[in-house]
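Paired with chain B in one complex and with chain C in the other, chain A is shared by the two complexes that follow.
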Partner chain A sequence: MSGSWMTTRAWLLMLPLLAVMISVIGWPLVDTVRLSFTDARLVGTEGSFVGLDNYARMLSGANFQRTLVTTTWFAVISVAAEMVLGVLAALLLNQQFYGRTVLRALMILPWALPTVVNATLWRLIYNPEYGALNAALTQAGLLDAYRSWLGEPNTALAALIVADCWKNFPLVALIALAALQAVPRDITAASMVDGAGPIARFRFVILPYLVGPLLVALVLRTIEAFKVFDIIWVMTRGGPANSTRTLSILVYQEAFSFQRAGSGASLALIVTLLVTVLAVAYAALVRKAAGSAS
Partner chain B sequence: MLKSISRTLLGAAFVGGAFMPHAFAETSINALFMAQAAYSEADVRAMTEAFSKANPDIKVNLEFVPYEGLHDKTVLAQGSGGYDVVLFDVIWPAEYASNNVLVDVSARITEEMKKGVLPGAWTTVTYDGKSYGMPWILDTKYLFYNKEILEKAGIKSPPKTWDELAEQAKIIKDKGLLATPISWSWSQAEAAICDYTTLVSAYGGDFIKDGKPAFQSGGGLDALNYMVTSYSSGLTNPNSKEFLEEDVRKVFQNGEAAFALNWTYMYNMANDPKDSKVAGKVGVVPAPGVAGKSEVSAVNGSMGLGITTASKHPEEAWKFITFMTSQQTQNQYAKLSLPIWASSYDDPEVTKGQEELIAAAKLGLAAMYPRPTTPKYQELSTALQQAIQESLLGQAKPEDALKSAAENSGL
Partner chain C sequence: MSALDIQNIRKSYGAVETLKGIDIALQSGEFLVLLGSSGCGKSTLLNIIAGLAEATSGDIRIAGRSILGVHPKDRDIAMVFQSYALYPNLSVRRNIGFGLEMRKVPLAEREKAVAEASRLLQIEPLLDRKPSQLSGGQRQRVAIGRALVRKPQVFLFDEPLSNLDAKLRLEMRTELKRLHQILKTTVVYVTHDQIEAMTLATRIAVMKDGRIEQLGTPEEIYNQPATLYVAGFVGAPPMNMIDVEVDNGALRIVGSEVRLRLPDRFRPLLQAPVVQDKTRLALGIRPEALRLASLDQAGDQAGGHVLPVRIEVVELTGPELVATARIGPQKLTACLAPRARVGQGDVAAFAVDDDALHLFDPATGQALLA
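Presenting the complex of A and B:
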């Protein structure tokens, strides 16, 4: 009796939120699925049913395969770098030293910055004529002459990854730092007495506490990185020669620049599906990690 | 008696007049402009303020976006009925007309407008025989040159052909005056297509023939080959492939370019000593031609103001457009963008202090070559941008790159 009342009450309490979510997320999603089977245009025609044509055309296009590779590179490298940098920064900021509070606050700054501002900043840094990076590297003797970082296909993606890392590693660092606070002092102290060096201490004593929270950070960051749009749109618009064009940019071009809402929707759903697969795989990993921790 | 009645009436009118702003239902219209090249944001605000003074019952809300966001913002706002007046580029009327984004205003255009505005300007707003707005920014790309550098190199007069441009740039490079003397806006953006179109017009090429892409051979191919040769021979600043117009302006103003292709607005900005190191040394001529094919070359880079189909106040919107495009307004702000009105080019108020630019404009504006008029322009342009960049980067041969652009152009 009380159990079923609890269930009813839970649903009642969730109802307002559910209603909002269905209207702002559920309905557009359903409509996107409907759109993806039509040849609708953004303005003008409503479109008619075309079956799986959009999906077939999008998946078989050379653009899709190339952009998928670019997106994967961007996501894998930037997330990996953010995880390593984030953990290192967290370990450092977990130490006792003078000015630690100030540094902790400063670290949040890049993450708090709007992405467009961050992208504009990095565009200035990379500027081929008067950018700070060129000036710093030539003055240090590491570079002969100023170069175009965002204008060469072999450096443009790397330059974007650096800019993205700078912005996003603080999130990982923040999560890791919170997890580090939970590591009991007596265990680390005991391991030191037992003669464990810093690496062994990290590997066997600290890391087990970090795995769960870090997996959460990994899931969040991978999904975000896979969907990346704004930082790239501001810095290169997918150039040079489409070498930094990601899936989201392709969706944007298809749906909004070319105004093919139908095939744009199908492409967006393909991306959503890919991200969902990633999320489910990660969720399984998190559950496994949680299981082994307890 | 009569006198007192009329006095009363007068008094009533006076009182009414004092309450005018309240008595009128104030209409508010939203207008979308760009913050890039041509009129500056400050100019547009000043013009609008003058309009509001003359029409206190109409309130105009201005919004500015970079050129790159103008098209998409206009289209996306249609659903929400966001803008009444939008600025549009010469390449969009075909698409806007087919998708019912802009109102056909052919009936609103007066005889006086038809006679007074330069014939070439009307091509900016016309599709399929109908007018979708008023031309506002009459613009093409000119060849700017740094007089001091040319003088030091012993060059007597600026180039008349594109080959001469390459020869003169080589002299400047060989004399060690500048490592890479020419600057262009070849970023993966519409700006690259404008430079390419200028060259296509010089080489007498065609974008589309009988509804099919025709840029893969002839003038279209010659144009891209010229760009690639200029780039790979080191005459062109290699950073051009990530430059937009504003980057070109900064490089030119810093004295780091002997030649640069850019819009009208650069003339007076590069001549402003507050901002520019090359003030007083700025030369401007029409973009050159090709021996046996053309005397000068030019791209139609004009823009117009139109009323959206979503607008609930087309009357007020048209009033605003008429004001913004009027000869009086345009003559007053002729330093960054030249008027659409033919007689303005002989008006000393307009020509004073920019005689050189006016002389170049008379030739350039008459030679303006259009980018293809097709509802699928965005796709064609995106494919061409890719072809240009791949060719510059050596990832593909120009003929192959243009061939795949033709296949991907959606035409």
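Presenting the complex of A and C:
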């Protein structure tokens, strides 16, 4: 009895929030679904119902497929590098040394910066005329002439990945560092007495405590990397020659640059679906890892 | 040559000195228990022996060889931790064999050693489980097994039984004693449980504030406590400490007219003269040294004394009756036979032998003529 009264009150209290969420998330989502079945343009025509035409055209188009490949490359390489860098940084910062606290604080900095600031910073570094990278490489004798890192199709994506890693590895490092501090001292001590070297210790003593938290980091980072938009938009806008065009950029171009709201909506929903599948698969993975750890 | 020689070990954390010069020499096969209350530096000393912490000064030798600066894995020691410290994702089998695996001992030999240890510890059915699938007692056995297979010169135990419930602790204590009798390896064992210390040790080092208060066999620690601290720490209920005053060659219980003849073995103190008339001393009597006696015998007897008391509380613990009494204003606890006929408020008498009297200097805490 008091249960139902409590439930009623709970719903009443939630109502304002629900109203806001329905109006800013729910309604646009429903409208996007509706749009995706029409040939609506951003301005002018309301569009008429075209069934699954948009989806068929988008999925079979060369643009979509090429973009999917680019996005996957971007996500896989940047996330893998972030995981490795993050764990290494965490292992280092978990050692006892002078100035550790300062270094720990400094490490957070790239991640704390707004993406736009970070992207702008890296544009400066990559600048073909006065960029620091060109200067450093030529002065070290590794490069003959200045290059346009972001202007050449075969280096632009790699340059973006480096910038993204620099921004996001601190998150992984932070999570890994917290996990490292949960490794019981006694077990580390026991492994020393047992004669485990650094590699065996990492594998048998440290890794079991890292796996769970790292999986969470992996999930978060993969989903974010798959949806990446801002850093690329600021640095290359998907160019040159579409070599850095990811799915989110493609959605933007379709819907806003080419003003095809209908097919843009269908593309957005496809991306949403892909990310959802990833998220669900990962969630299952995390649950499984958590189950085997305890 | 000693199996383990601890020479003037000191350890400071910043300005705080945690160990203030520890000296112990152990013969091969000895079972040394480091006994002391929390924070007295037991674990610190054990970790220094293991090589997990570094001493500020002093030396440690195992079989004559100094092991300062030697990596823990090369010290020929094995350690069992309070938290068991098992590797969570390895099977029991691999946990036990881990030290051998890391030392590149061939698989067949490893398997044999693991089988032998698990038979000794009766954990053969558990070998393929993960630590998370074991009970506390089973985990502790695995942790002991992991130390056993190494066949080290010295075993180090840091409160290995303190995470177990009372019944299991008793069982494992007996088990450890049995193992030590079979293996005859030198052991250093840390605990703050005095029963564990008394039952397991061949020698006990009672520690306080980073110093050794007394180093001796369990019998010596119990029967001839060297200081007030040791006397109070070992024994339950703790030794009664009664304020007495030297009065014409006798001991008068402060606050009453009860006088005890000074036992013969303390006589030389009067001549020395270590104690003079009116000197205040602490008279120690173990509760279990007191017997119920008849009140009309009150006074000095041949080889002993009968003290008149007033009973305040009686508690039957099962095997014994613990009576809390007053002698004058001072408290006196006695462990009596369970059927002793005393009740609250009774006026009664406790008998005690001369041999069971201990005298301490309250100023220095040292026993007089232990």
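Here is the rule we go by: the second predicted complex is superposed on the first by the 271 of 294 C-alpha atoms of A that agree within 3 Å, B and C clash if a C-alpha of one lies under 4 Å from a C-alpha of the other, contacts with A are read in each partner's own complex, and residues count from 1 in each chain.
The working rule: a contact is a pair of C-beta atoms (placed from the backbone, for glycine too) under 8 Å apart; a residue touches a chain by one contact, two chains touch by 3 or more.
Computed from a prediction, not measured in an experiment: that's the story for all the values here.
Student: Taking chain A as the common reference for superposition, should the pair chain B and chain C be classed as clashing or as fitting?
Tutor: fit
Student: Of the partners chain B and chain C, which touch A:Gly212 in the superposed model: first, second, both, neither?
Tutor: So A:Gly212 meets neither chain B nor chain C here.
Student: Quick one: is A:Pro184 in contact with chain B, with chain C, with both, or with neither? Answer first, second, both or neither.
Tutor: In the superposed model, A:Pro184 contacts chain C only, not chain B.
Student: After superposition on the shared chain, which partner residues are touched by A:Gly47: those of chain B (first), chain C (second), both, or neither?
Tutor: neither
Student: Using the superposition on chain A described above, determine whether A:Met192 touches chain B (first), chain C (second), both, or neither.
Tutor: second
Student: Is A:Ala200 touching the first partner chain B, the second partner chain C, both, or neither of them?
Tutor: second
Student: When the two structures are overlaid on chain A, which partner does A:Thr236 contact: first (chain B), second (chain C), both, or neither?
Tutor: A:Thr236: touches chain B, not chain C.
Student: Please state, to the nearest 10 degrees, the angle that the Cα centres of chain B and chain C subtend at the Cα centre of chain A after superposition.
Tutor: 150
Student: Report the closest approach of chain B and chain C over their C-alpha atoms in the superposed model, as a whole number of Å.
Tutor: 53
Student: State which residues of chain A lie in both footprints, the one left by chain B and the one left by chain C.
Tutor: Touching chain B in the first complex and chain C in the second, no residue of chain A appears in both lists.
Student: Show me the residue ranges of chain B that touch chain A in the complex, using the header's touch definition.
Tutor: Per the touch definition, chain B meets chain A at residues 68, 71-72, 75-76, 78-79, 95, 98-101, 187-189, 238-239, 241-242, 247, 250-251, 254, 256, 376, 378-379, 382, 385-386, 389-390, 392-393, 395, 410.
Student: What does chain A use to touch chain B in their complex?
Tutor: 41-44, 128-129, 148, 150-153, 236-242, 253, 256-259
Student: So in the complex, the part of chain C that touches chain A is made up of which residues?
Tutor: Those residues of chain C that touch chain A are 47, 50-52, 71-73, 77-79, 81-90, 98-99, 102-103, 132, 146.
Student: Spell out the part of chain A that touches chain C in their complex, as residue ranges.
Tutor: Touch list, chain A to chain C: 184, 186-187, 189-197, 200, 204-205, 208-209, 293-294.
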